[in-house]
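Beneath this line is the structure, given in structure tokens, with notes to follow.
First chain written, first letter: the chains are A, B, C and D, and each begins at residue 1.
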Amino acid sequence: MNKVVAGADEAVHDIPSGATLMLGGFGLCGIPENCIAALVKKGVNNLTCISNNAGVDDFGIGLMLKGKQVKKMISSYVGENAEFERQLLSGELEVELVPQGTLATRCMAAGYGMPAVYLLAGIGTEVAEGKEVRNFNGKDYLLEYAFDADFAIVKAWKGDTQGNLVFKGTARNFSPMMAMAGKITIAEVEHLVPAGELDPNNIHVPGIYVRRIFEGKNYEKRIEQRTVRKR
Amino acid sequence: MPLNKEQIAKRIAQELQDGFYVNLGIGIPTLVANYIPHGVDVVLQSENGLLGMGPFPFEGDGDPDLINAGKQTITTVPGSAFFDSAMSFGMIRAGKVDLTVLGAMEVADNGDIANWKIPNKMVKGMGGAMDLVAAAKNIIVAMQHTNPKGESKLLPKCTLPLTGVGCVKKIVSDLGVFDVTPDGFKCIEYAPGVTIDEIKAKTAGRLVIADNVKEMAV
Amino acid sequence: MNKVVAGADEAVHDIPSGATLMLGGFGLCGIPENCIAALVKKGVNNLTCISNNAGVDDFGIGLMLKGKQVKKMISSYVGENAEFERQLLSGELEVELVPQGTLATRCMAAGYGMPAVYLLAGIGTEVAEGKEVRNFNGKDYLLEYAFDADFAIVKAWKGDTQGNLVFKGTARNFSPMMAMAGKITIAEVEHLVPAGELDPNNIHVPGIYVRRIFEGKNYEKRIEQRTVRKR
Amino acid sequence: MPLNKEQIAKRIAQELQDGFYVNLGIGIPTLVANYIPHGVDVVLQSENGLLGMGPFPFEGDGDPDLINAGKQTITTVPGSAFFDSAMSFGMIRAGKVDLTVLGAMEVADNGDIANWKIPNKMVKGMGGAMDLVAAAKNIIVAMQHTNPKGESKLLPKCTLPLTGVGCVKKIVSDLGVFDVTPDGFKCIEYAPGVTIDEIKAKTAGRLVIADNVKEMAV
């Protein structure tokens, strides 16, 4: 069983144009920087990207948007990106906006082998249009379907050679559910350690979900809004 | 004098009770954290995956792996816990968050709220707002009573696309405090120097004045 | 915010006869020994217990069965208990058997605010009788409802004064989902520590789900089947 | 000579491929772990919340917080991970477990399996068996070909209440190895000293003999 690959290029080598990808991260926090760079270099296009956000003009998924590699974004919030806006308004880019909790839960449903779940968010709004509504205990819920992604690409803090992953702080966000949901899951980590070094009680994503893993390089870990107080 | 943003936040902070788990939205709601009453212990939830959010970091600090739902650098307090986005919205949906404070473009007198989309403008998305308003058991809206053109934002019916239906329980605006009741907006407090007539003039939705309406203590 | 109670008696003081309880544990592994003892002492009855197993004759939920405190068990496996069998055959005790994964997921659904989920287990068997079947992508699923429990009672390895819980080994099993699902959740822990001592990255159940917590006493932690190999 | 339990387990172990995640049921399936071929690296899943199950502990060891789904004390191997029951069955349902080996009272020639309930006997419950058979993508049954009365357990139709429908892919019995195919049980190997005639006599369900049927290497 060898899940360790040399680097990002090898990890994404078989991602074809037209694929549906899940990409972990919230804003620029916890995004798979190395894999995004490799996808930009590889030049695949017509991608459908399931990701809470779409990066900024010069970082994150924004780099893939700049290269016109993305056909459709499925996200909860896509501000902070001028090129995104241009492509959207010109019709080059398709966007499906999904409430953040629904986005997370549709990923989770896929990872848990549940084809669909009933969720509250969006009832009575345009998000509910065309969706099946069902009442349970006096409350209306929307039937929401599990996402179907060819690849999930996540970035973790630590990982081991068996594919076990541990995240740090709020960089965890969508990544565990996406890692569990992808047909093929690729994990880049800041620290790759031998099997047995991570505490088995504190694994966020068990290795069974991870097909390929590598230690990423030169993490920039850009901060979108550095907010501080005086000492 | 209508309240300023800090005063709106300060008034909302008085709604906090000891032991509350609270989700504060972006903007004025974020300021509420600065006015938590002494002796009241609340835990702040950030829907990107944190319970026990602390203040912004000191200058020179700031961890890229530690941000709030507004993508700002933050800190944690002792007893905090990180979790994934599915669990975060799970606890919101399951009604474990006691109070949600958020901003709004419009609120209707039946509790409908619109705060995510303006037709013919670039739509950035609803983020977690629809999940929060659909599930939270107690929602307070922090908002200006009127828009920059002077038009009321407390309406008989929202004109903008809805974020959620019948969910707002209370509004603290620059003019006063309003409970959302079956009779419409019920004014229970007015800002110092603001008259009931001004509130009536600037509220388009159904408005009732509480018998025991009083001047807000700010 | 004070979640810490003096002990098991205080923790279960308001559990009434007729209540529906979730009890964590798999076999005798990870069961809330102190709370079970307190419930036996308190003598409440007519309880509905959602628990993967029903203990053995002289330990775990078996102690509550002996006192005829249980009206109904909702479990996946209830062997290893002679008194249980006697009460079941005599009609004193009602049993609802639920596939183990369905049991876990119905707890999870409650904790995640999902009224119902679609699951595979039991399709084509007597478990499916009377249940709604729906086809997704060519496969049939059963509609399974979230459990509704008045109290969830779990045992963790460590906990802090904010109610954050950490489990050890396979003693985790059903407890995290049950802790998240209960209207009122009671946690007994082997080690109660001040807030701030547990690593916030490694919390299995965040404190928001836990109403009462205490450090349990005299854990027996009985082993049901000690199986060993020669050195 | 029909195979003994150890030989059945050993034959099933030959089905393991490098990198497989495997769930082994109680009884003969548990023994499969003792015969994993050299150079084949598999990870054992225990549905009570563990990936990376190791052998039983040495005498005098044994941790009450570390058991398998049969409630036996066990150990872990390097790279193991613990998780809750919901995630455990989630990974089973999502098809992440490559192979499930379990016992059966009856198997039908369409792949139906019965292994949890005998009418008029105390029913202990299905445990995780229904979840496993409903979702696993590859199920091998380890079983005796006949019951103590000598009656076939490979049937045209199960007589006992079902655990799952059309899910069994392969059977290793004391008499041979059988693929479950649209034509029924297909005998691909027979145990040393067991004749095809004996297999035919003891198989009640539809049986076909593979053209290249051979004696099992044990």
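Definition applied: a residue touches a chain if its C-beta (ideal position, glycine included) is under 8 Å from a C-beta of that chain, and two chains touch if they have at least 3 such contacts.
All values reported here derive from a predicted model rather than from experimental measurement.
Among the remaining chains, those touching chain B as well as chain C are A. Looking at A-D alongside A-B, one finds more C-beta pairs in contact between the chains of A-B.
Most remote from chain A, judged by the distance between CA-atom centroids, is D.
With centres set at the average Cα position, the gap from chain A to chain D is 36 Å. Once the centre of each chain is set as its mean CA position, chain A and chain C turn out to be 33 Å apart.
Once the centre of each chain is set as its mean CA position, chain B and chain D turn out to be 56 Å apart. We define each chain's centre as the mean of its Cα atoms; on that basis chain A and chain B are separated by 29 Å. For chain A, the set of residues touching two or more other chains reads 105, 112-114, 119-120, 167-169, 201.
Shared interface positions of chain B, defined as residues touching 2 or more other chains, are 82-83, 86, 90, 92-93, 135. By the definition given earlier, chain contacts exist for A-B, A-C, A-D, B-C, C-D.
Those residues of chain B that touch chain A in the shared complex are 46-50, 55-68, 70-74, 82-86, 88-90, 92-93, 112, 122-131, 134-135, 161-166. Put simply, chain A touches chain C in their complex at residues 105, 112-120, 136-137, 139, 141, 145, 166-169, 199, 201-202. Chain A makes touch with chain B in their complex at residues 26-30, 52, 75-79, 85, 88-89, 97, 99-105, 107-108, 119-127, 157, 167-177, 204, 221-231.
Of all residues in chain D, only 18-19, 21, 41-43, 45, 51-52, 76, 78-83, 86-87, 90-97, 135 touch chain A in the complex they form. Chain A contributes residues 1, 110-114, 160-162, 164, 180-181, 194-196, 200-201, 203, 206-209 to its touches with chain D in the complex.
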